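These are the structures, in structure tokens.
Two complexes, one shared chain (subunit A), two partners (subunit B, subunit C).
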Partner chain A sequence: MNALSKDMSGPLALFANRLNTLTGAQRQSAAGALARTGLPDRKSEAWKYTALRALGKQDYLQAPAQVDEAAVRALLDGVFQAHPAMAALPRVVFVNGRHAPAFSVAPDDVDLSFFGQNAEFGLQAAPDRDPLVALNTALAEDGLVLRVPAGEDAGHLMLISLGVAQEQPVSFHPRHTVVVEKDAYLRLISVQAGQGTYFHNPVMDIRVEDGATLEHVTLQTEGAQAISLGTLYAHVGHKSVYDSFVLGLGGQLVRHEVHARLASPRGVVHVNGAQRLAGQQVGDITSVITHAASDCISRQTVRNVLDGHARGVFQGKVLVEQVALKTDGYQMNQALLLSPDAEIDAKPELEIYADDVRCSHGATVGALDDDQLFYLRSRGISVQEARQMLIDAFLDEAIALVVDATAQTFCRAVMAARFAQKGEA
Partner chain B sequence: MSQFLEISGLCAQIDADGQEKQILRGVDLSIPPGEVHVIMGPNGSGKSTLSYVLAGREDYEVTAGTATFHGQDLLAMEPEERAAAGLFLAFQSPIELPGVNNANFLRTAVNAVRRARGQEELDAVAFLKMAREAAKALSMAPDMLKRNVNVGFSGGEKKRNEVLQMTLLQPTFAILDETDSGLDVDALRIVAEGVNRLRAPTFSALVITHHQKLLDYLVPDRIHVMARGRIILSGGPELARQIDQEGYTKFLAEVA
Partner chain C sequence: MPAVTQTREAVEKLGQSTYKWGFETDIEMDMAPKGLNEDIIRLISSRKEEPEWMLEWRLAAYKTWQAMQEPKWAKVAYPPIDYQDAHYYAAPRKKPGPKSLDEVDPELLRTYEKLGIPLHEQALLAGVEVPEGERMPVAVDAVFDSVSVATTFRKTLEEAGVIFCPISEAVKEHPDLVRKYLGTVVPAGDNFFSALNSAVFTDGSFVYVPKGVRCPMELSTYFRINARNTGQFERTLIVVEEGASVSYLEGCTAPMRDENQLHAAVVELVAMDDASIKYSTVQNWYPGDENGRGGIYNFVTKRGACRGARSKISWTQVETGSAITWKYPSCILQGEGSVGEFYSVAVTNNHQQADTGTKMIHLGRNTRSTIIAKTISAGRSDSTYRGLVRVQPKASGARNFTQCDSLLIGDQCGAHTVPYIESRNMNARIEHEATTSKISEDQLFYCRQRGLSEEDAVGLIVNGFCRDVLKELPMEFAVEAQKLLQISLEGSVG
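Moving on to the complex of A and B:
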């Protein structure tokens, strides 16, 4: 395996010690692909706007399995603090990429197992095409393997991923699989949080089988120094629904990349999101929605509020294959820039090979509206509160797209707690 | 000098495409407490600019003159401070606020001015009761409190929503900038009644209008004619009727 190390230059060197000692064909093949390509730089089209320089120069160690319980408990309390009712839901907690049964509350009506016991890499992920998926494939230790049996309404489940790092940067690369079988129903709420300098590199492989529905909300509240680069694959079957929403708030560099494939007719996919960033934060929402069958619907609304020197990235590709007649696609990215140094890079892309489709997309960028601000102030509302109201309103129109009322309330509560917004009438 | 609203030699300009454009050219106006005054005048004479300058809109630069309200320097105050002090502007074109719930907006505004005036804030229940009653008195559909501020409202609904805000904020001085425009006769009467309900020895209003009709319901004390950034003529209520019949041309010619 020493042959590999020669090729591990650049950011990849930060993982070299671990990549050089892999066993298993799949992991070695992924490491080989990585050695050929390296981690992406800005010359790579898919990473044109998001640099991995933030990974820094220090090696990333394998995240320790044993961490301070009090730290985990504090992070978990932090997750529930904004909306304590969430603590009553079943949850699977991962700490540093490994299942933490002591903090989990097992759900009913689902089959639960773990990647750590039986490593299954799934069929959708493409390590040869995406270096971050290759890195995950090479280094994954554990992950959720969830199956909702056919016809079952499994209610809510929270998947909470906590990162706990001390002095030395650590990385973890969980590999999750979620299958919602025929006509089954699941509301999944993923939460990512942590403390210290860590690199979270999850891959999630989702299958929504015929007639099934998965409502999936991802809350990004990673620690301030965290780097989180996640890739999610969703396979959407006949008349099935994958309704997703990501709320990006935390982390130093966060990328949420979704590959959704409408594989059979009459599927529905929503890849909505909102992010509110400040300081030096970079938040990247990237998606590829593939219409590979007729009569499918895809919807994407992403709203960004960027303050300070924050940078938002939106890359949204909608690919309509030749067979995908009567495709109905809509994509909209909107950004509110609160500071002259904030930036949004938006790249919407429609690639259509079918006739008879309806696809529209758009993008807007602007500052807070002076007329609206003056209107609020003329009613006695202070300039700070008026700004806050307009920012909340802008993001709330995206959060309102979350179908599941519990998850919607949770998103609002987290936003409110973070930005000390006024109570509601 | 009365202690209520005093405007003296007020000049203001706006920066239009890099060019400074003088709009107010020395407005003198005194409104005592308890009176309704009307400003009429041709389009472009500066009526709306005057209302914006009094409410504190930043696009306009005051280059000369003074405006005091209850003896305070109005021009030195932030817009929200003017509102707290009791000034209210009913916008000619009310602004839409997508994503902002009307009841939430109204309560935030009411509690902001109550805080500033040293009054206790209203809780959600007490506020909603008050807002529903006020909305009902203006013949507003109950769901208008639940909708986003002015979004999808008809012209008449927007104007009623302005009067609703005025009712709830309890100003001592209200500027109504063409609140009657685009209203049918019934709506006009309802809006006028809304203003009349506020009339008191401590409440004054400045009504900007083009039409005599509103003044049938809102019996004014004084009429002022504004042209080219100045008040060129003032008189009793009969002046409005005269303008309604004869137009502005005669008056403009007299001062030219």
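Moving on to the complex of A and C:
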């Protein structure tokens, strides 16, 4: 496969050594696709607002198998610190993309196995269309393979992905699969956290089968120097529900990309989110919701609060295929700019091929409302406190959409802890 | 109910299933050989007796164009265009000044008649002298293929100090003005089609309204694409000085034919302090037949620069024609407190494809923009609203409101909304909303219950749907536009 190396220019060159020594048809074909397209630049419509230049600045090594246990323990404690009750829930912990059984607490009522033992790539991910999925396909080492048996209510499960980079920047590319079988129920809480300079490139393949429900909350608290570019595919069956929420707080450059497909009638998809960024952070929430069957509902509410030089990106596409009659789609993206240097780029998109539909989207951008600030201040509340209240209230309208009370409390606690510490101005 | 009557009339007319404006005038043409190279550009320039700088400008644009790629991002599909397989220059043969209408080429008169130009205006257009003292409300600069056949009312306008003439003439007679502004809003290298236009543009209109003058009449141009295989490359430049204002109407019809034709116009508007420009378009070029054969490719770059404080540029468009539309009339809001507006109705039927919208670039403080876009898709057509609202760091207090509504008629068509919203100023406020739906069953039922046929009911509802835009059109255009909507949607219901 040495022929590939000459095509690996730019950021891709960093992975060339690993990409040139792959075995297996799927990995090789993914590496081939990657060599043809390269990593996306801003000329690519899907990456118009998010540049991957930052990725090219570091030489990312394959994450080593041995990691300092104390560092992992500290990170894990950090995850639970805001809301210790979470530590009681079953969890599967990944460290640098590899399953870490020593830190995990196995759940009951589910089938658990690992990609590292039996590499199954699933059918939804499209390495030929998405270069980052191709990179994952080529380099994935491990991942969660979870199956909730039909009819089972599996309760809560936490999927905790920790990145630990000590001297050298590392990259890891976990490949997760979650299947919620017919009429089953799962509340999945993904947490991403870490320290040091690392590149986290997960792909998650989700199937919510007929009548099943998956409530999925992703808490994005990656380390300050981390780049995290994740892609999630969700296949939603007949009368099933995929209810998702992402809370973006951490990382240097973070993209959370969701492809949800309503494949059978009467499915429901929620792709909600909130992000609160400051400093030089870039946070990108991108989604493509495909209505491929009739009588489905999709809802999306995303709220962004941007301070410092932070940049928020929202790209949300709702695609309604010709068969998807009686589609009900709604999408709303709102941004609050707190600083003169903050920026929001939003692209809500409707692509509609069926006539009997009701689809709408909205977007707003603005600053804190002076009248509201005045109202609070006239009641003796300090400027700082008043601003904090308004910001919290703004984000809370998105967090309130999290159905699962445990996850909702967790999100609120993490946010409160994070911004109380820093004493937001 | 006049709208209903109009619908019925319009639909009856279309019952004959011919394109109303589908006629072709057979007059002798003076035509350059097919193909595009430096020699052709030199030929165009020399035929138009242009000064040296103009030729150099064209050649530079041609060089730029050669290095550019045709844009592929729009949601339209068409077979590759062979830019060498077209004539880049065609001029109607000139006859020395006819004394009366009897001497005018009858084919030309018939064309005007079908276009609905009143007789006395026809005479003016054809260059016939008209008795003194007759005043008309609209000045017409008819672009018949590539050369302006005649310009009317120049005298009245001249008295007011307004210059309204073919751009080819302006290049010769007002070279300083043209040189100062041409290509400053849409630079030659702005995009593939603007570069092509800059290299080969044959004619168009030039308007200059001096300081403090309110243009005494609405200015109007009829564009037509007339000869086979002639790409049409119009160039329009409107400059409005401090405190002045103008309303400009552009209406387009084209004869029916099978071969696809390329139209790549460039329109540049410049508004100084307190100036205002209202630019209205009704575009109903031949959209191709019901099987998607033929039709015009309309790849247009329209942009206005609000350079002065409190200046205002307003675009209103009704787009019912063309096989493919690629058009984004934009405003660069540079002057403090300047205002940009975009009102659009885009209708596609059969196999038409439209990718149209606007760009509002907020550069100055307290700039405001409004976007109202109504999209109607029927048949097997695809219609996309693509719009950009960008607020730059210095545009404190900028304000945008955008509303995009799409209506789908039938289950074989597509309607898409692709807004780009970019804000880099915390004191800017942007609001965007979009909806897509079909005609409400309740509204239809309500109308049917009162004795309207389904087609009439749809006509009524569609007119209501577009009302916010149609009311922005000057009177004479509004009437034509309403009729056009009905005609365009014929056969899509039921």
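The rule is short, and it goes like this: the second predicted complex is superposed on the first by the 419 of 425 C-alpha atoms of A that agree within 3 Å, B and C clash if a C-alpha of one lies under 4 Å from a C-alpha of the other, contacts with A are read in each partner's own complex, and residues count from 1 in each chain.
Note that a contact is a pair of C-beta atoms (placed from the backbone, for glycine too) under 8 Å apart; a residue touches a chain by one contact, two chains touch by 3 or more.
All values reported here derive from a predicted model rather than from experimental measurement.
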Inquiry  = Based on the shared subunit A superposition, would you classify subunit B and subunit C as clashing or fitting together?
reply    = fit
Task = Pick one for A:58: touches subunit B only (first), subunit C only (second), both, or neither.
result = neither
Ask   = Which holds for A:344: it touches subunit B only (first), subunit C only (second), both, or neither?
value = second
Task = Name the contact category of A:335: first (subunit B only), second (subunit C only), both, or neither.
result = second
Request  = With both structures superposed, pick whichever of subunit B and subunit C touches the larger number of subunit A residues.
outcome  = C
Key: Which superposed partner A:357 touches (first subunit B, second subunit C, both, neither)   = second
Ask   = So, does A:385 touch the first partner subunit B, the second partner subunit C, both, or neither?
value = first
Inquiry  = For A:365 in the superposed arrangement: first (subunit B), second (subunit C), both or neither?
reply    = second
First, second, both or neither for A:394, with subunit B first and subunit C second = first
Query = Regarding the shared-chain residue A:81, is it in contact with subunit B (first), subunit C (second), both, or neither?
reply = neither
Message = Just to be sure I read the superposition right, which of the two partners does A:374 touch: subunit B = first, subunit C = second, or both, or neither?
response = first
Ask   = So after superposition, what is the minimum Cα distance from subunit B to subunit C, given in Å?
value = 10
Ask   = Hey, which residues of subunit C end up touching subunit A in the complex?
value = 73, 391, 393, 406, 408-438
Remark   = Counting only contacts in the complex, subunit A reaches subunit B at residues 370-372, 374-383, 385-386, 389-390, 392-394, 396-397, 422, 424-425
Remark   = Seen from subunit B, its contact residues with subunit A in the complex are 55-59, 78-80, 82-84, 88-89, 91, 94-95, 97-101, 103-109, 112-113, 116, 124, 127-128, 148, 165, 169
Contact set on subunit A toward subunit C in their complex = 45, 322, 325, 335, 337-367
